[in-house]
Amino acid sequence: MTTTGAGAEVPSAVDAAGGAVPDVVTDHDRGIHGYHKQKDEHLKRLRRIEGQIRGLQRMVDDDVYCIDILTQVSASTKALQSFALQLLEEHLRHCVADAALKGGAEVDAKVEEATKAIGRLLRT
Amino acid sequence: MTTTGAGAEVPSAVDAAGGAVPDVVTDHDRGIHGYHKQKDEHLKRLRRIEGQIRGLQRMVDDDVYCIDILTQVSASTKALQSFALQLLEEHLRHCVADAALKGGAEVDAKVEEATKAIGRLLRT
Amino acid sequence: MTTTGAGAEVPSAVDAAGGAVPDVVTDHDRGIHGYHKQKDEHLKRLRRIEGQIRGLQRMVDDDVYCIDILTQVSASTKALQSFALQLLEEHLRHCVADAALKGGAEVDAKVEEATKAIGRLLRT
Amino acid sequence: MTTTGAGAEVPSAVDAAGGAVPDVVTDHDRGIHGYHKQKDEHLKRLRRIEGQIRGLQRMVDDDVYCIDILTQVSASTKALQSFALQLLEEHLRHCVADAALKGGAEVDAKVEEATKAIGRLLRT
């Protein structure tokens, strides 16, 4: 998902449009998703969660008491939901807000999509 | 929370501003929250949930089997979350999208507020 | 589901059985579910939740800010889950423990049933 | 945590006790937790979840669309909860049922402990 080529062409497209639509070309259009800048932080979080899951495997392997394993499962689920919330916040801030600038059906579609994703998180 | 008075004054405020900021005065500013139009539907949903809670009281009173009561609790919780999701969708569509039009710190504050509300829903 | 009559007869039934099955006739058999003694407390909790749901209707009716309504939804959901947890604890203490005394397929069936109920609570 | 040696001695210990306490020495006492026999299945499940978490890292690294990442987070959380439910079912079937056979304070403590673990799962 390289954005360099697209990034190089987008400005001229804006020029061609006479600068009349400055709101409409956004980071999101350039392929830069909301979470782009937090990428390192996200990867660090996910590696920590991966470590927790490996810790769970060691616990099962060592016949650790069931309740202690369940406590660790709760911690891992909480960490996953924390990651999801941060991703969602960036998504709302960038993708949904971008759609709002474009207006109309775009924002409705983005909001519906985000709400469905929140519903899936709630149901797990 | 009547909006008539405010609604009558807001246009002149816009006139005074020279119409330069037509995007900035929104339904939300006029005190019309995202869920305004769906009010009747929301009230209907909540009355149905109230009926479910009264049903739970009858079940406890009639010594209904614990597991059947738990099933009904799950249904009520699901109905509450469904209501929350619909409210949230309207909030994102109206309040957050409105904030996006105003830009800057406003949208950041609204998104942070919405994310915290989603976090509270997830944790219950 | 009156238990008075049954309660009066059960002891003699046990006597008639020669006391050979003292583990097998339990409160649960007598129609006294786990939550029987906490009935008043449960009804009190549920009436409080019913009040919260009516509070939500007033909030919607008064056009209260969406986020504040969502906070109240989270509180109601939490209260419902608290009620469910207490009911579940009594169920495990009485019905599941009773089944364990009877042994065999009975306890397996009860545990499977309880786990499914917990799964439904988790998914909402 | 080898149970072979202990397993060989336990029967004679029971014999020595005159068979008066056959209910009291259980698999659980021998260090065999509820999930012992399902160990391989649990490890397989956890390795699959570990793979999902690594998949999430690749998605973030490849700038995959936020909503698709959130969908994968929901799937991983669901898988973790499924694992927790299975562990819990085995715990109830073995540890809690064992405690019921011993009766008294033991079963109360085990049920309270299990309920708290369920509460932690619900809150994440």
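By letter and in written order, the chains are A, B, C and D; residue numbering begins at 1 in each of them.
The rule is short, and it goes like this: a contact is a pair of C-beta atoms (placed from the backbone, for glycine too) under 8 Å apart; a residue touches a chain by one contact, two chains touch by 3 or more.
Treat the numbers as computed from the prediction; the structure is a model and nothing was measured.
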* Of A-C and A-B, pair with higher C-beta contact tally -> A-B
* With chain centres defined as mean CA positions, report which chain is farthest from chain C. => A
* Roughly how far is chain A from chain C, going centre to centre by Cα mean, in whole Å? -> 39
* Asked: What is the distance, in whole Å, between the centres of chain B and chain C, each centre taken as the mean of its C-alpha atoms?
  -> 31
* Asked: Quick one: chain A and chain B, Cα centre-to-centre, how many Å?
  -> 24
* **Shared-contact residues (touching 2 or more other chains) in chain A** => 81, 88, 114, 121, 123-124
* To do: Spell out the part of chain C that touches chain A in their complex, as residue ranges.
  => 123-124
* Structure fact -> In the complex, the residues of chain A that touch chain D are 1, 31-36, 39, 42-43, 46-47, 49-50, 53-54, 56-57, 60-63, 65-67, 69-71, 73-78, 80-81, 83-84, 87-88, 90-91, 95, 113-114, 117, 120-121, 123-124
* Structure fact -> chain D contacts chain C in the complex at 81, 85, 88-89, 92-93, 96-101, 107-108, 111-112, 114-115, 118-119, 121-122
